[in-house]
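Both of the next two complexes hold chain A, though its partner changes from chain B to chain C.
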Partner chain A sequence: MTLDERTKPAPQSGRPAGSSTATAKRILPLPVTGQEFVLIGVLIVLWILLGIFTPAFLTPNSIQPLLVSVAPIALIGVGMTFIIITAGIDVSVGGAIMLCAVIVAKTMVSVDIPLIGAVALAIVVGLVLGVVNGVLIAYGRVAAIIITFGTANIFQFLALRVFGSSTVNGIPSTLEVFGRGEAGRTLGVPNSFAIMIVIAAVAWWYLRHASGGRHLFAIGGNANAARLVGIKVQPRLLVAYALTGALVGLGACFILASGTATLDQSVGSGKELQVIAAVVIGGTSILGGRGSVIGTVLGAILVQTVTSGVTQLGWPSQLANLFVGIFIIIAVGTDLLRERARRKA
Partner chain B sequence: MSADTPVATATYRLELQDIVKSYGGVRAIRHADFALKPGTVHALVGENGAGKSTLIKIIAGAEIPDAGTIAFDGSAKTISSTSDSIALGVQTVYQEPQLFPELSVAENVFVGRELKKGGRVDWKAEADQIQGLLDTVGLPARIATVPVGTLSIAEQQQVSIAKALAGQASVLILDEPSAILTDSEIEVLFTVIRRLTATGVSVIYISHRLDELFVIADEVTVMRDGETITTRPIGELSVREIAELMVGGVLAEARPKGSGTSGETVLELLNLSRTGKFENVSLTVRSGEIVGLYGLVGSGAGDIAGVIYGMDKATSGTMRLSGSEVVVKRPSQAKRIGIRLLPANRSAQGSFSFQSISLNIVIGELGKLSRVPGWVSGRVQRDIARDFVKRLAVKTPSEKQPISAMSGGNAQKVVLARQLVQTPKLLVLAEPTQGVDVGAKEEIHRIISNLADDGSAVLVVTSDLGEVLRISDRILVIRAGEVAAEFTPQATQVEILAAAAGDQTTEELS
Partner chain C sequence: MTLVNETTHIQVPKNPKKPGGRSLPSRGLEALLTNRVVLLAVLIVVVLVVMTILDSAGQLSGAYNADYLASSLISAVPLAMLGMAQLLVILSGKGGIDLSVGSIVSLTGILFGLAYGPGGWDFVPALILAVVAGGVFGAINGVLIAYIGFPPLIATLATYYAYRSLALVISNQKPVSSESIQNFYSAAQSVEIPVIGATIPLIPLGIFTFLIPTVIVVWVVLNKTTFGRRLYAIGTNDVAAEWSGINVRPNRMAVYAISGVIAGLVSVVTVAQFASARPDAGTSGNGMALPAITIAVLGGVAITGGIGRVSGIVLATLLIVWLNAGILLALPGNDGSQFQLLALGLVLVFASLLNGLTKRKYGGI
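Up next, the complex of A and B:
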């Protein structure tokens, strides 16, 4: 997908290429950044190596579950990319996933709710949680990490109250179209992954071409200057957190679908770190003002590839943490070095 | 802003009359009149605190005057917000560029007022417009695609001007644009300004560098103590006359003549340079002597203090302390060899806001306050703090108060006390009385003077003209990173200001 986009960067390419059209192409932010090419390269190398050492890796039986596991991380990562571009962060997505998942699971167990109803319920719950975060951060003007750290605990508390007992059992297969099974695939591609790609593509377009998207970059680059040029900073921030909340809702459905008929209290645990890792490895600056959805999707694929690869190689699974940790430090380190070099110049 | 009655004979793009503005009980502007003709460059000058920034803020809509009238093109207007002001065609280019480092030049110019087609940004229309705008401000068209963060400060300023022009500026306020620019960059800026005025844009030009006004300005308005003193065509005045109007007839009482002339040399700088900041600075400070380093914003005087204390590295030259050569690599080393620095920015670099006065005083010497290494004795800490609170007349109910609860003057005394816990061999003070009330200023000056009398060498870096004359035994004027002139405290404010602002004749006289 990414390479195709690069060859036709501007929608108006049908016109004769005048000089201003050429400039229009160039004043556009680059469709794919250098870091994304590096990521693609790293992924290709990894996949080839894994293909050589574990012949089973490059088969549908291995790739399909990998893509299923990528889908919720990358999907929520799209929202997280918006947030981190504004120089914010949301560490409550793990707790929010847990709350969405348990509410939907319990509802499905007790009521015969159709697929569309379950998805809508999850998205509405997620949206509400995102709006809570967004309002507190944008209008309360408190640091995002503090607010979401607080709400993470509150969401977890609420989720555990809804759980009641330690597990929710006998979850019906309503959500199987997002699952690992045959019902979860179209032409061999997992539906959840395809849906994620469509949403990521829309988000990519919005960040690149819509003024609202560009304003997110402005806010993350210099919030004060953004205010001075008349950007409505607070509503924009609210939208970023609300969007993430809604995507958490859908992502929770993906996670429920890819699990068993039993939901336990570990759902969502640590997911916020996986999501943030995907965003950061994807080249979005933790300092705000720069980032891309494509990078986030690639970052999520990389993280899951490493996790799955370590398992398939029969290595101790904690090595996955080591590798992901190294990737994060390299990604953030190059970003900070870049920033320091620029400050000095 | 309705029912405006245009006056056919209007000759002013912008006219302010009888403006008054107070903050709390402090009169920032006692009385100001200001009239800006179309297509001219109107310089606004005055010492720090004369009321220039307040006047500019009123025009930009960031402050609302208590009294007075504002008229655009002859019709009275009410400006109650920055957006009112922008709607009337006022655009401000601040000294620190307000830009988005990661976004391209083109995006920076249009952000907040994007050209749109359907729901999306019309990149082609922006590309069409950006060419002309960049051309006007003297930047090459190819720069449109470059992230602003990679540009030089001068180029960023040009982008800021392009941004102002994209906002249909008819009045452009430039707040000390030259302070951060090199000579050749200033030339470019002037070319841009002339191009703008030729198209009818009026420019309000604020600067401390008086010499350049004669190159670029048509008229000059001088402010002093919250009043506009006069507005004259620039050709009717000289640098010296403007300086005289700025300082008025105020005379400072200096330190007793002959103080601090006999001690041993403590600090000696020999051709010290830090590229881009200052060049070939040589100076000496003797024990018991107070040397005043006077420079306007951007002169490089503050950077010299930073290098002496090891916050920045010198690129060439040598520094000697009590005769032996030293290379100060970091502040902890400077401290060890007996140098102390009172930083210019008290809140950012000087105080630990939520901590008590006593901790703020002893924080730098914690390890040395007790016989047991690493052990901090509350009693010793308290005694030292109480001693300083008394000696420096810090007004506080208790040394346990957090420093954040104190007024500027008292907080500054606390930060100053920290430098005196171990009597420094060399004390460097940067803007020691900035944001400090008059009473506390007197007392801080007395403390500094006493310290020198007790044998410390003192270097005061300041942009406060009255201060440098009052407390110095010797005055060095820094201009454009070089020592431009040396004066005795018997010099007049006018002589010093003229040397700092670039009047060549004064330099030769000294």
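Up next, the complex of A and C:
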């Protein structure tokens, strides 16, 4: 891959495409788009307000747990961004998290498995689940939302069978490097958050500069046109779902590590909607063909900020979901209005 | 999306001109695959026969007979009604879906409970409150989707969060109950039908007071009114519908409002069933929206819009309810409820794979 050619910044707007210069440069959108600037602004305002009204908010003791809880949502959100860019969706990640988490927890309880083994096991299990979704969607050619509703039920069933009893008790601290404790931080930054940022950065580069990433946008824009220009649509789709599955596996490790030594059956429940909320707040279009990983990470931080802010303000914690709903409406609404203005211009 | 299928399978214009010229099994297979109602009817018979055989072989923990089947119908009431709501919404096309129905059930249930219980309202005004409130919550979805242009999945995901949160905050996370609500439990009891009642099993009252009227109204609206015909037109191609003089936006919005109204009715049924208004009635566990969407897809509603029938929803509900009832007898306790999840998932995956297959083989459902 000839990096230097492709990673050069896009020509400044105002110059029409392919005009004077002999070497035709690629026209890429700005590295950080409008929606992301809006999100950064909203986050700064929120953090300042929360810092004023709850003095404890802007302290490491409050920010570190916040980042730990952002990590799995944003990490799985990276995969979900890939999927939604292809105009698909995966609502089975909640069930998949549950299955990965319980398999790893049970294994750690019964066998003395090292950290690397536990993580590898989780990723392999997640990958298999993602491939199941991907094969059904890409080669069975059925609506992603319907298939993943179905597989969500099947994953939950499998997870409940593995659970056996209502909880898994006495989980060893193998995964503490991803956890909330002192061992889970490097220079004050939670490891899980740092790992998520690295993966998100690679994903950002891939989507923006690698041909495989651009293919995903093409598929989401118009799958038929993408096929006609020679893109192998089905393998690309399969990769997107498989990647999400693998990230679900790693995310399940983060979730396990940030919990207690007891795992109960509510693990993963509702996570699929949280992940989708983070992705759409981040400006990825549910209709496909447009989206970014940076937005998803910011969206996840926003959702968790609201959740943690509401509790710290002493409001009923259930109110947080109301704000998540309102943020989805505002974020997608402003995007719709901008899109409308763009079309008029 | 449909374009993809057409171009890849353009070489198979397999349109049987003379159905009489083919053998009976081949025509039977085509009826089974292309007519969802036939398939569901056959599957219901299969479930009933298999369960009856298991019963007579002594494999079940209870009798799988007409009385049991009739009493299990109580769970069909919310399922079929919300399936009807999803039918209308998905039919309207453009990715139509309503994830918020479960939250609307929770929220209107709390409002109904507060009015009918502590508020001391009479039943009819409280019922009207629930229906109107449901309609308003649904209309909010409708405005976002039809007028502002939100994708339905996003709009109803947002209101799913908002309504669920409101239900929990208003009720202070505690179920609302009172003497009048507890007495209201009788509305969920099984009753004997007058005149012929002695010869057939007892049937839950909700079937007659809520489900059958809803089924009839939705069927009449879809098949005998201009609104219903417009809905099929919008769902099939909303640009063409617009050009043929249909005002797409108000019609599309109305569908979401109706979905909310049905959710409001379901909330009253749910309050009767639990003898209290629970703030998580429609959202606990998997919630009510996902099973309702499953019923709609299983009933042959095309997720792309424009295709779907009331009879499909009714039969799909009967299939799932009676299958679940049988699973509970075959595997008592936790096992049963876990295998119900598996059955629901497998049925959904196979139903949608079958939809894709029939579309390619016979061109349309």
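Criterion: the second predicted complex is superposed on the first by the 307 of 345 C-alpha atoms of A that agree within 3 Å, B and C clash if a C-alpha of one lies under 4 Å from a C-alpha of the other, contacts with A are read in each partner's own complex, and residues count from 1 in each chain.
Following the convention adopted for this analysis, contacts are C-beta pairs under 8 Å (C-beta built on N, C-alpha and C of every residue); 3 or more make two chains touch, one makes a residue touch a chain.
Just so it is clear, the model here is predicted, and its values are computed rather than measured.
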Figure out whether A:273 sits in contact with chain B (first) or chain C (second), or with both, or with neither. second
Touching partner for A:161 - first (chain B), second (chain C), both, neither: second
After the superposition on A, what does A:289 contact: first (chain B), second (chain C), both or neither? first
So, A:172: does it touch chain B (first), chain C (second), both, or neither? neither
Using the touch criterion from the header, give the chain among chain B and chain C with more contacted residues in chain A. C
On the A-aligned overlay, A:229 touches which partner chain: chain B = first, chain C = second, or both, or neither? first
In the overlay, answer first, second, both or neither for which of chain B and chain C A:214 touches. first
Touching A:114 in the superposition: chain B (first), chain C (second), both, neither? neither
If you lay the two complexes on top of each other, which residues of chain A touch chain B in one and chain C in the other? 224
Interfacial residue positions of chain A with respect to chain B in the complex: 10, 12, 20-21, 23-29, 209-211, 214-215, 217-218, 220-222, 224-226, 228-231, 285, 289-290, 342, 345
Would you mind writing out the residues of chain B in touch with chain A in their complex? 82-83, 86, 98-104, 106-107, 111-114, 116, 119-121, 123-124, 126-128, 130-131, 141, 144-145, 149-150, 152, 163
Which positions of chain A touch chain C when the two form their complex? 89, 136, 140-143, 145-147, 149-154, 156-157, 160-161, 223-224, 227, 269, 273, 276-277, 280, 286-287, 316, 318-322, 324-326, 328-329, 332-333, 336, 340
Sort out for me which residues of chain C touch chain A in the complex. 1, 3-5, 7, 95, 97, 144, 148-151, 153-155, 157-166, 168-169, 172-173, 285-286, 290, 293-294, 297, 303-304, 334, 338-339, 341-342, 344-349, 352-353, 355-356
